[in-house]
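There are two complexes below, and they share chain A, which is joined by chain B in the first and by chain C in the second.
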Partner chain A sequence: MDFDKLLNFWGHHLVMAGVWIALALSLNLINGFTGLFSLGHQGFWGVGAYVTAVVLTVLPAEMGWADAGMLSFLMTFPLAMLVAALFGLIVGVPCLRMRGDYLAIATLGFGEIFRNIAINSEWLGTSQGLSVPNVFRAFLQEQIGLERMAARRAEMFFYIALSWAVALLTLLLLRNLMRSAHGRAITAIRDDETAAELLGVNLTRYKVLVFVLGAALAGLAGAVYANYQRYVSPNQFGFMQGVIFLVIVVMGGMGSFSGTILAALLIYAVPVFLTFAPDTWVIPIFYDPTQGGVVHRSLKDLWQVFFSLMLIIVVLLRPQGLMGNREFSLVKLWRRLFGKKSESASTSGEAGA
Partner chain B sequence: MADFFNFLLNGLSIGSIYALIAVGYTMVYGIIKLINFAHGEFYMFGAFVGYTALMFAFGVPASGGEPGYLPLLAAILVAGVATAVLAVIVERLCYRPLRNAGRIVALLSALGVSLFLQNLGQQTVSANYRKFPPTIADSRFPRSEVPLDSIQPGDIFSRNVILTYAVIAEDGRPQQRSATVALAGEPVEAGQLAQARALAQNSALEAHAYSYARVTINNKQALIVVTLLLVAAGLYLLVQHTRFGRAMRAVSVDFEAAQLMGVPVDRIISGTFFIGAFVAGLGGVLAGGMYYERIDPLMGLMPGLKAFVAAVLGGIGSIPGAILGALILGMSEKMVEAYVSSGLRDAFAFGILIAVLLVKPSGILGRFEGEKV
Partner chain C sequence: MSAPNGSAPVLRVDGLDVFYGGIQALRGVSLDVRKGELVTLIGCNGAGKSTTLKTVSGMLKPKAGKVVFQEQPIEGRPSHDIVRRGLALCPEGRRIFPNLTVDENLDLGAYIRSDRAEIRSDRDKMRGLFPILAERAKQLAGTLSGGEQQMLAIARALMSRPKLLMLDEPSLGLAPKLVEQIFQVLANLKREHVTILLVEQNARQALQVADRGYVLETGRIVKDGPARALADDPDVRKAYLGG
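And then the complex of A and B:
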């Protein structure tokens, strides 16, 4: 295979994996670290993506501006964060008075309302969605003077770097937050809300802070996604997409950064690798005369079934997730594998806790 | 004005569909405080069992005419029992082990079950829509028959006169059609009348011309509403006047105290799942199958969410509340669809949900439960 084909295929998956990691991390802040149960994360992601499309497509057309330039492109990122944060505030302030499962349902309601409005708004392109111009490539070709092929490659490398930079930014921001005094207050809320309040933790302030921050980071990931895909439509931000991020957080461990990253990579990568399975690898799964007898499905199709089964099994056997709230560290792994006897005994004791 | 009442009746039947799903939601929530996300999938499962029963057991595709009420009733019962058994198994395997693990963990398990049933459905029976086999003929009431032969060109009727006839569809089964013979207040045209007579002559089933009242209800919608009334009466008797119902109420008020008093809590919870899923399964056959005539593995998602909204609106945990909430939701949704925008119907329903949760989280008929520390 030639270089460009490989770059297109793996580049795409690298960009998307970065976006997924960023989204799963910001959802873990809300669901895992704070214990607020949000089912509306896909909505904030969608808000960020739609802000990007509006800034680059709708506004120039409506206002009769010139085509969106590099400045508008750069503006989409902070704007997407800001507007998503604003939505986080609007949803968060009233909804955070609710507890547990009621909050889950209310945030789910927000996600569906957002999608429904996008479907019905001419301005937001109805169910057809909006296309986003390729501002960055135009910049590379016209301003820098790159050839078409070179510009395409440069664009792909740029988006890989961008999406992983956003994932890294999210990780560093959240890790530093959780290591600070604020982080301990947030953990206290998760562990026992009533006790935390009695100890003087301002519940409303921290919950709103967490919700707004999570929404803003999802919005940023949305801007990256919209600019990269150059297309937004309501169905990309459906309830099922949100459930996938939730599953990542649950499987990785509510309150573990490395667990979330590993789970995001795993859940993103498995179906990608399953596409390589030969077409002849099909499994008879069902008998249905109206479909002409025995129904065969490929491994990639069955992954969806396996994935949901895995969620049930993880919840049943290990409700704290694969990593619990521990972090994966190469140093510890090295010590455990090659360290002295006494050291390895102490670390394995820790792991068993 | 007639339109308004027609919309209201339409909304009533849609609300009844939501109600058939919502009672199961509310019963399960009332007894173990679990939002059973998989409940919408029980409705879907019921519709598919009903489909299978009609297609393969009762030989509907082979028979020529309309199958009528008896096979439909049998399909409903089979679907209800199969769905109830599925629900009991799901409860035993996926919810019971998590009963003391916290509400969010159980909610995740329910979400997993819901996803699993949807995905499994898509991979086995395929994600495409299927046409449900014909059950009973469509008709609207009140109406009065106008013999076609008695109509003369130039006659004026005070109501629309509509011909009901049938053609043989591609699958070899008769399919019901209708054609206008005369519009209210306008003289009957000779050409239109001749056309109608020709259609009646060639009809695959017996053809009739009816003049309809301004406000009518579809027989399938009426059947759904009647079923809901029967279900509501049955549940009332069960909950208020049987030993099982008393045990259910006891578990709902205080799980541990009920256990200490010798109530077989596990069996009561299984029974609650059985009944709730039975109603959802029969709802699937009636609504998804008989009424909409389109079934697919994702058909439970939206009605399930809407039914949950209805249960919250009425006060989750309360059976009369769930029915009331569902009827209000169905009718107001229909009004939004008719007078505001058909597309914003879902947004409106979820808007109601958020508003209720903010203003009165206990819903219309629910009771407030303070947090125990």
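And then the complex of A and C:
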């Protein structure tokens, strides 16, 4: 296979995996580390994506500006974060002042309201969606002077780097947050709200902070996604997409960064690798005499079955998620594999406790 | 610090009415605690002891009445604000963080403070006061026994350097030997001039360690006075001390 085909295929999946990791990490901050329950992460992701489309497509057309340039392109990222954060604030403040699961219902509502507004708004492209101009490619060809093929390759490498950089930025930001005194307050809220408040932790302030930060990071991932995909439409940000992110968080472990990354990669990669299954790999699905007896389906079409199967296995065998609330660490792994008996005994003792 | 003469009470509760929905839990409860005192609030299940502490600490809002802490009205303020003013509640059922280590629990106790060196020295002080916490420093708090968890809960509350420490049923659910230990701790704290408001069902031991006491019955204060006098009172003896 030639290089460009490989790059197109694997490049695309690498970009998307990075976006998923970033989204799952920020959702884990809200649902896993803080113990809130958001069902609207796909909505904030969508807000970020639509902001990008509006800045690069709708605004120039409506206002009669020149075509969007590099400056607009760069502005989409902070703007997407800002607007998503704003929506996070609007949804979060009324719900997070109360105890209980109001947030789940409100965020579920928010995701659907956002989608329906997009479907019913002419200026947001209705259900057709909006296309996003390829500002970065134009920049590479016109300003840098790359020829078409080279620009295409450079663009793909750029988006791979960008999406993984955003995932890394999300990881570092959240890890540092959780290691700070704020992180300890957040953990305290998750473990026991009442006890946390009795120690002086301002519950509402921290919950809103976490929720808005999570929304902003989802918005950032949305800007990366929209710029890369060059197309946004309401059904990309449906409820089921949000459920997949939630499943990643639960499967990886509520409160583990490495678990989230592992689960995101796993859940993203399984359907991708299933597409390589030969057509002769079929499994019997059901019995229907009108179709000539037992009906078989190719493994390719069955990724949802694997998805459910993985979830069932994890929930049965590791209800706390792949990593629980622990983190993968090379140092610990080294000690466990090669350390002295007494040392490995003490680490496993800690882990079991 | 603001009342060096000790004449103004650290905490003054005046005519507190508290409702759970339509049910009145407190009816005009008034009490005060002076600097350095150990005051106990005794009564049966459902008399309103915990309700009183919850209202003072801001977890419940009173319908009527005043809570004055260090000459500042605090009724209706949020809990996290009240903690910052120097009023700590060690809640019923301990409520330690089971998934954090003993040390992390103590550090969270000092959440409202930022003086790192002082926090460290206070932690050492807690380890002196409760040697078990030094032994178990790196252990998850959920693995401690009930009595040890109670020690941790008290130490954690002390880490905020409260001007008044309120304890809600610290002996609840502990074996008699551990109850003995907890009251020994309270006696030690009193010797260190920590001001304490203690809620207890174990009236006999509470009155032994306290300076003064209040008796709460169905949401009303029915008796108050020096702890020794209460312990000798025939009604109190009959109702709470088993004759």
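Convention: the second predicted complex is superposed on the first by the 330 of 353 C-alpha atoms of A that agree within 3 Å, B and C clash if a C-alpha of one lies under 4 Å from a C-alpha of the other, contacts with A are read in each partner's own complex, and residues count from 1 in each chain.
The criterion applied here is as follows: contacts are C-beta pairs under 8 Å (C-beta built on N, C-alpha and C of every residue); 3 or more make two chains touch, one makes a residue touch a chain.
Please read these numbers as outputs of a predicted model, since none were measured by experiment.
Asks: Of chain B and chain C, which one touches more residues of chain A?
Replies: Result: the larger residue contact count on chain A belongs to B.
Asks: Tell me the contact category for A:Ala106 with respect to chain B and chain C: first, second, both or neither.
Replies: first
Asks: So, A:Pro94: does it touch chain B (first), chain C (second), both, or neither?
Replies: In the superposition, A:Pro94 touches chain B alone.
Asks: Regarding the shared-chain residue A:Phe37, is it in contact with chain B (first), chain C (second), both, or neither?
Replies: first
Asks: Contact-wise, after the overlay, does A:Thr187 reach chain B, chain C, both or neither (first, second, both, neither)?
Replies: So A:Thr187 only meets chain C here.
Asks: Which holds for A:Asn325: it touches chain B only (first), chain C only (second), both, or neither?
Replies: A:Asn325 sits against chain C, while chain B stays out of touch.
Asks: Which holds for A:Pro278: it touches chain B only (first), chain C only (second), both, or neither?
Replies: neither
Asks: Which partner chains sit in contact with A:Val201 here, chain B, chain C, both or neither? Use first/second/both/neither.
Replies: Once the two structures are laid over each other on A, A:Val201 reaches chain C alone.
Asks: Mind sorting out which residues of chain A both chain B and chain C touch, each in its own complex?
Replies: 194
Asks: For the complex, which residues does chain B have touching chain A?
Replies: So the residues of chain B in touch with chain A come to 35, 55-56, 94, 97-98, 101, 103-105, 107-109, 111-113, 115-116, 118-120, 122-126, 130, 301, 305, 308-309, 312, 341, 343-344, 346-347, 350-351, 353-354, 357-358, 361, 371, 373.
Asks: Going by the contact rule at the top, pick out the chain C residues touching chain A in the complex.
Replies: Residue positions touching the partner: 57, 59, 78-80, 83-84, 88-89, 91, 95-100, 104, 107-109, 111-112, 139-140, 143, 156, 160.
Asks: Considering the complex alone, what residue numbers of chain A touch chain C?
Replies: These residues of chain A touch chain C: 181, 184-185, 187-188, 191-192, 194-203, 325, 353.
Asks: So in the complex, which bits of chain A are touching chain B?
Replies: Counting only chain A, the residues touching chain B are 35, 37, 94-95, 97-102, 104-106, 108-110, 112-113, 116-117, 119-120, 194, 239-240, 243, 246, 250, 285-286, 288-291, 295, 297, 301-302, 304-305, 307-309, 311-312, 315-316, 319.
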